[in-house]
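Each of the next two complexes has subunit A plus one more chain, namely subunit B in the first and subunit C in the second.
Let's turn to the complex of A and B:
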């Protein structure tokens, strides 16, 4: 369970999150939806222990989040950062060496599924293939929490499709809590259990996707158009 | 593969290009020294240059670490790692030491070839004798000084990146570092003047007679060849303290 209690994050006069409180339950897939600069990435980084609140508390399973939470959380960054000297296999070896929950079999399956050449240098990969590799090393971990920050940003439809297929095939739906921050909902709407609308650092609404469809007759995109 | 080994291999790969550039610079300096030797008709120039190369190795480890850290600073995503900050830093230092030793060995070979075997060194004749007998000691001194500088670099690097969190200091981070450096220097000098500290520093004097004798004919006085164990102990404590402070800042204050 991930819990935000009156969390505020300020960067000088800019407020990235404004007295935000919510709880994310185990075994659900959450969509953090909102425009650029709304506070989605900051929220995910806080869950990953990479950014610290100015005030308030972020906790995971009752423990206050710090850097060590990386042992329980797999985090996929929005950044297209990579070690240029690495090959695909180097990246997998390195990721596996850093955590105890790395599933080699899953990683090999994912590499084949994403059609990546293990011997290719990362600097020779296309942006789409680097995004695929990021997903490989993230999904290959057996962590209770999975955070995906803008996994589709700047990628072509083919790559987006392969990423969604990867998520559908390799997420442990019963045991993993998944949080996906994005402003591109088309691809993931079918995956989501709950959606959290965030703008200017405020949580505007939290809805169950099924209820949204059944009681209000709205798709997530239609719902977003109403509230933003 | 252990976490440390994984980090170490990663950091070796990150610094490999820097290592090759370093070797290239060493060879370039040597070739240039031969050109100067011919131009000025001064046979001692290659020997002096190779000695300077050895001395400059004191900056090798900090420079190596800085370039490696700057790669990580592009995203700071290396901090998404369950391993503690000391492990992240030590892996970088270990990778740096590997290249430092390799580069130093190349330089020592050059010194052996160009200084010890150069028959005419003119006014630098003392160098030949000194380096011939004390090369390992000098290399050891370089190494320890390099480690000391490296740890201070870690401190200022982490502080610089931690200051990013404080918006009103973000634009003047270099100035803040300068103020911190000045403050530490002033406070350090004041502490050194305290009699107890002074006595501590002078504890356990070891006279490096052989070393001193060699220098005697030149400009360095015999006193500089004294080694104080108290001073070394204080340096070790400072090194450990600064390292742990850097780790603390990295884990608690640096954000992605």
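Let's turn to the complex of A and C:
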């Protein structure tokens, strides 16, 4: 469970999050949706203990978030940053060396699933394959929470589809909570349990997506257009 | 991955597809349905949604879940027959409503339908 209580984050005079409170439940897939600069990434980084609130409290499973939360959270960064001398296998070894919950067997399966060559240098990989590898090292961790920041950004439809399938195949649905921040809704429309709409640092609404379809006859995109 | 209408409940769209497959005979009575996870991967849909699909089919008595074994299509003939006639009723309802809207009488509908079917028979 992830909870924000009256969380405000300021960067200088800019307010990234404005007195935000919400709770995310265990075992669900959340879409954190909003335009660029809405506060999605800041929120995810706060859950991951990479950014701290100016005021208010962020807690994960009842504990106030600090740097040590990394043990319970797998975080996929939106950045395409990598050590160019590394091979795919080096990247996996390195990721495994940084955490205690790395599942080698799962990593191996995922590499095969994503059709990556373990011996290939990262600088020789396409952007799409680097995105796949990032997902491999994130999903190979057995953490109760997975945070994915813009996993689809700038990727072609084939890569997007393999990421969705990778998630559906390897998430432990009963036990893992997944939060996906994105402004590309199409890809995850069918994947989500709940949507969180965020704009200008305010949470506008949290809704169950099937309920939106059932009671309002709205797709997520139609709903977002209505509320923003 | 399959295409869905994003503005209608997805669990219901999958229920509908499975019912059609059963009526067409693509899924046989007694056949095992894919596990929730397999179905989620096949369709690209959230497993909780797939779970809801299976619960709904079970409520409709179209499938039975056997503990530890999975979900199976019913072998009860009356339920399959009822499903077949329900789908037929639904299609006829849409047809009749569309015709009514255009101002056709009952007699015209029946004559039109009869002519169409006979023409099809003759190829």
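FYI, the second predicted complex is superposed on the first by the 228 of 228 C-alpha atoms of A that agree within 3 Å, B and C clash if a C-alpha of one lies under 4 Å from a C-alpha of the other, contacts with A are read in each partner's own complex, and residues count from 1 in each chain.
Just so we're on the same page, a contact is a pair of C-beta atoms (placed from the backbone, for glycine too) under 8 Å apart; a residue touches a chain by one contact, two chains touch by 3 or more.
These figures come from a predicted structure and were not determined experimentally.
Participant: So, on subunit A, is it clash or fit between subunit B and subunit C?
Facilitator: Result for subunit B and subunit C: fit.
Participant: Now for A:219: first (subunit B), second (subunit C), both, or neither, which partner does it touch?
Facilitator: Touch status of A:219: second partner only.
Participant: Let me test your reading of the model: by the given contact rule, A:48 touches which partner, first (subunit B), second (subunit C), both or neither?
Facilitator: First partner only.
Participant: Pick one for A:29: touches subunit B only (first), subunit C only (second), both, or neither.
Facilitator: The second partner, subunit C, only.
Participant: Determine, under the contact definition given at the top, whether A:79 touches first (subunit B), second (subunit C), both, or neither.
Facilitator: So A:79 only meets subunit B here.
Participant: Kindly classify A:193 by the partners it touches after superposition: subunit B alone (first), subunit C alone (second), both, or neither?
Facilitator: A:193 contacts subunit C only, not subunit B.
Participant: Looking at the overlay, what does A:117 touch: subunit B (first), subunit C (second), both, or neither?
Facilitator: It touches nothing on subunit B or subunit C.
Participant: With the two structures laid over each other on chain A, which partner does A:210 touch: subunit B (first), subunit C (second), both, or neither?
Facilitator: second
Participant: Applying the document's definition of touch, where does A:161 land relative to subunit B and subunit C: first, second, both, or neither?
Facilitator: Once the two structures are laid over each other on A, A:161 reaches subunit C alone.
Participant: State whether subunit B or subunit C is in contact with more residues of subunit A in the superposed arrangement.
Facilitator: Of subunit B and subunit C, B contacts more residues of subunit A.
Participant: Once both structures are overlaid, what angle do subunit B and subunit C make about subunit A, taking C-alpha centres and a multiple of 10 degrees?
Facilitator: The three centres form an angle at subunit A of 160 degrees.
Participant: After the superposition on A, what does A:169 contact: first (subunit B), second (subunit C), both or neither?
Facilitator: second
Participant: Rounded to whole Å, what minimum CA distance do you find between subunit B and subunit C in the overlaid structures?
Facilitator: Between subunit B and subunit C, the minimum C-alpha distance equals 28 Å.
Participant: Of all residues in subunit A, which touch subunit C in the complex?
Facilitator: Interface residues on the subunit A side: 28-29, 161, 164-165, 168-169, 173, 189-193, 210, 213-214, 217-222.
Participant: How about subunit B: which of its residues touch subunit A in the complex?
Facilitator: 1-3, 5-7, 9-10, 13-14, 16-17, 71, 74-77, 79-85, 165, 167-168, 170, 251-252, 255-256
Participant: Mind listing the subunit C positions that touch subunit A in their complex?
Facilitator: 1, 4-12, 37, 40-41, 43-49, 52
Participant: In the complex of these two chains, what residues of subunit A are touching subunit B?
Facilitator: The touching residues are 11-14, 45, 48, 50-52, 66-68, 70-71, 75, 77, 79, 81, 83, 85-86, 90, 93-94, 96-99.
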